[in-house]
């Protein structure tokens, strides 16, 4: 079954498109077609560690979702562990399913373990992510939030340091906090989960593979069973005529080239 | 004590600036200076009933907050009952306090009564507002959400119908759901609370006066006690140098003229 | 990728094996191998509407899970919407993933909608299922539990009545309770979701397809990423030596023939 | 008032029958008649530290409850701090009340103190017991779970070590975690509470005395006021005819001799 | 075992002493000695339907508890379903256990059924009682609060009307709200539970018998096991010297004669 | 706008009247008239660290509220961080608004920060205050409770020690527990917040200024918008005739002179 997946790097910078695309190419189902895009923001936004930065990305995430739904994409992943604009994007995504890393990781971790910890980049992120986990109903399953004290931009610059940090943080979470699975709480922590899992001996769920494979899974359900986002009640989308009249959703403002993998 | 308050109509349309400005002029402290602005969005957005519309406003709300903090505004009100971008805006507001209608109404209603109901425009809004009320810790105090079945744009077009609807909804909430106070769940329901309160015999809290007066109160606390937003932990703002380097916050993109009242 | 899935009908009766097997054959991935079994209980147990009946199935569900893990099955589905013995079975399943209908349906429904209702067979089931949904952290998303007032055994006897009942119950949930997706809260409600979905215009998630496809998805993750159940902390399994010494897990006590589809 | 109480050791091993019987003989009301039984499982199960072991006991606990209700027993205690099959057993217990240690200890501890800790055998047990305490609504009152790091089977082998461990764990809970009462979280921690209480200076509630005396109390209420388990709604038992037709509940499969004390 | 129980009618009126005393005499254990007192308030307070009235009783409830503890009473019942001053009284009760009707009824109802409703006198009481039930962790088990619309003082004036009202309210709770047990939410609803239970077919728990028998049970545990209220952490009592120096606790200010039954 | 505010020191000792009055005189709006009173209790109660002491104050707090409402006071502050008798006093306060320190501090702290800690006098207070914070819906925002280990009476005796203790406790809360704002959890911790705030670099909210300024704010809302306490449902006050007939509310029993500032 051919599935079309759209991965959105929620930054105004296309430097992550190729490495994330490489990861996705390596893990996708053979028939899946993947598109990787970044946002065409004013200014160069290389990370979204701050709520204020995140706010700058909301409009374009929604526009890309609207566009994706109209272009026949099956599922879209919002590529940031804060899961920014998830419900907002889903509201206008038509039949396209929309997922995000924190949601995917929480669903998976609570299926494989009773208690999990999240390894985050900096203490700054913790409160916001805990709120999201609470919203997803998994707060009682959260053993701890553990910080690497490494900024997002530095994660891939010195991979050995990052890997060692993840393993140390994971061990602490397992031994002291009772974690039974580890979630990597940033999409830029990609490339480390396999080795960390081998060393730590518990499931280590990374924030790229988990949401991407969930997107493929849900794209399949959509195609096979028609299970696409609800459009009634609080899921009601704006009327098509009004969207047009307001002139709100120009074609999706993606940065540079759309990377197809 | 002179206080500077900034009211943001979170729409891309300046038609509400004068009427809201008139309301604020009538209720403000004599020494308070009020500025009313709308957003300079692409396209004309006359309401934000949908999450997708709301997402379009996030970036500019944050930019206005950043600008307000630097211009020495004491407190800002985000003029929409969804309280959009409240934490996001506060993150970059410097010493400026940021509030919003749902927060203000919930704090007030739970101080004056044990259980309250919210009169919303349409059923569409309920789930999202209940989530916000849950986030504010007041869900156990919520008697019910009652819908007027009137779109935001129609609220002020036929005031008599709206008023009658509010009174009927409020009465239902009091008699059937056990409400002891009524919150008007949309800033465009302004102008009705006095008469509704007289008829219903319980506090009727409107979504313009409550947050505006809270803003004045908090502006006073800031000036008198230095109680401005925290800047540590999850309240850490982006580094000033990074904001400049990224070129993210142009001067605040407000629509038309800034109305000063 | 070849995946081996084991579906367990948690009754002491093999009459459901063929019809469920037919459903699974129709929806499985081409390469997936499915095995359908029932329990070899003393006495003929044709349904598990009661907690006391369910208790009779716990030992054998666990034994089948233990056996499945040792035989190299990738994922097992416990085929009852009460999700009986889910954590118990997972504790001894080795690398085999274990899922169940309520878990799968809740994860899916909350991804596609903000609020969902469950259509159950009889009022008797409601309290227990609500507890399960609360355990899964989705209680705040539950619009209502709606009862068909049809016993499990009668669901497939008069399919037209059942279908009409599901549609009527779903409509009530949508219109009166604010449901945005409908979950069919019994595995024996299979065969109705497509038509109900067409009529109701919201996702209608059935309790066979959802957990089965989740099992396939998770089997894939296990094979691709090594994401199998955690084995530390509260997920620690009994020591192999002790299991042997106690003589507890005979070969899996399945009923009649294992149906392979 | 003569009361008939049935204590069930939820293991497939009768070695605990005499020591538990001795404890009960020493604490029972003079007129109470106590019966102590173990389970006639296949294989010798000497403890239920694991969920998978517990699952093996469910069917027989339910059968013993069914039989007890028909034989005119007034109250039954499920003698394991996981409270296994409590609701399941109660469903078919007729007029017989069913209780269990965790329920009894939590009710008592929250009546005598605002915050309590539970001293458990091994870290393995904590997550499951916390879930049970949450189900009983006492999670906000839980100061901590403290582990002895002693397996169930070793508790009575070296009583001095166990006692010293309980006292040390209790002291830690009081001083560091703010516990105001201590619950012994395993029925095999019997015989230690008196001395621990004397040393620690707070109520130390043991998992044999508390549920047994609660059973006597409830047996009295049943005889005096007719307060026996509800049989409507989610408490509806299976129809008598169906139980017979299914052949599910043979006479209670107890191990060796029923010990009468 | 001789137990000394103190029942406190939390009103400034001794008219309930004899009828409550008669009820207790009929249900007490033969060896139990019961004392019934009312409060010697300024002014004649015949009921405590209002929070403000309740506040007037706090000081004397605490004084009676202090006195009871020093006089060697084993357990005290605060005879009002609001459970006024329960933790306050327990703080100074020495070795005397203190219980109250709502606590006792909730513990019992959740042991006999999964969901219960409370039949209250007037709608006024509901919010406060729901808060208490939430504090006791049983809110998830609460099917509904049903009002008789009969003031406390009228309950015993026209017993037939009250009885009919209780039965009608109970039936509504069972049929419409899914109640499986009924709690009578006022101590002045005594004398009706037996007949209501017979008619309704579910446990009907009255607010005199349940707490009184719990008091006897806990008095027994205290005498047998030394399980009396904790005196550490948040249960720390005021220093004896300070109490004396402050001159706070005169001899217990009870009304008229202490009725001994 | 002239506002009349009544501050109640909930002790039977007038030694705090002048120092608290001095604080209020320094921070009040120019036109506000403030009255400071203490309670005319039997015995000299110099602090209310214990629940039992608090209970002694309930009746007089309610009487003062009743009297205040009739004398035309606009808002009353119950000057103790336990917020004793808050709902009770509000029930009979007529049009007078009633607030208290914990409520005010929690509303303010959650507006300025995402997580806050409370610096309390002694560990004894923690459990009760956490319950209050939970009742106010802010428990998820509570980073920690930190104890000074200084009794209430000693706070102002050695101010330098107290100040150093507050700063050390606040630093610990910020660095170890993730606090982003500090609340001083006792009205007698007045006089320290300014310097602590300067040193700690986060908002430090004191328990006198915050509720007093909230009282002024709410007094203003009452005068301007008629937003006074609800009088329906669970906020229904006792009937005037009954109050008179019962002879319950003598003139407010305040201690010594009413201090007017």
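Just so it is clear, A, B, C, D, E and F label the chains in written order, and each chain counts residues from 1 on its own.
FYI, a contact is a pair of C-beta atoms (placed from the backbone, for glycine too) under 8 Å apart; a residue touches a chain by one contact, two chains touch by 3 or more.
In UniProt terms, the chains line up like this: A, B, C, D, E, F = Allantoin racemase.
Nothing here was measured: the structure is a model prediction, and the numbers come from that model.
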item: Chain-contact steps, minimal, separating chain E from chain B; value: 1
item: More contacts between chains, C-D or D-F; value: C-D
item: Interface sides of chain E and chain F: same vs different residues, half threshold; value: same
item: Chain pair among B-C, B-E or C-D whose interface repeats that of E-F, sharing over half of the contact pairs by residue number; value: C-D
item: Separation of mean Cα positions, chain B and chain A [Å, integer]; value: 30
item: Chain centre separation (chain B, chain F; CA means) in Å; value: 28
item: Chain A and chain F, separation of their C-alpha mean positions in angstrom; value: 45
item: Residues of chain E touching at least two other chains; value: 87, 114-115, 123, 126-127, 140, 178, 233-234
item: Chain contact graph, described as a line, ring, star, complete graph or other shape; value: other
item: Touching pairs among all chains present in the structure; value: A-B, A-C, A-D, A-F, B-C, B-E, B-F, C-D, C-E, D-E, D-F, E-F
item: List of chain C residues in touch with chain D within their complex; value: 41-46, 49-56, 58-59, 61-62, 66, 85, 87-89, 91-92, 123-128, 131, 135, 233-234, 236-238, 246-248, 250
item: For the chain E and chain D complex, residues of the former touching the latter; value: 27, 87, 97, 99, 103, 107-108, 110-115, 136-141, 174, 178-181, 193-194, 197, 201-203, 205, 209, 213-214, 217-218, 220-221, 224-235
item: Touch list for chain E against partner chain C, complex; value: 114-115, 140, 178
item: Of chain A, residues touching chain F in the complex; value: 123, 126-127, 134
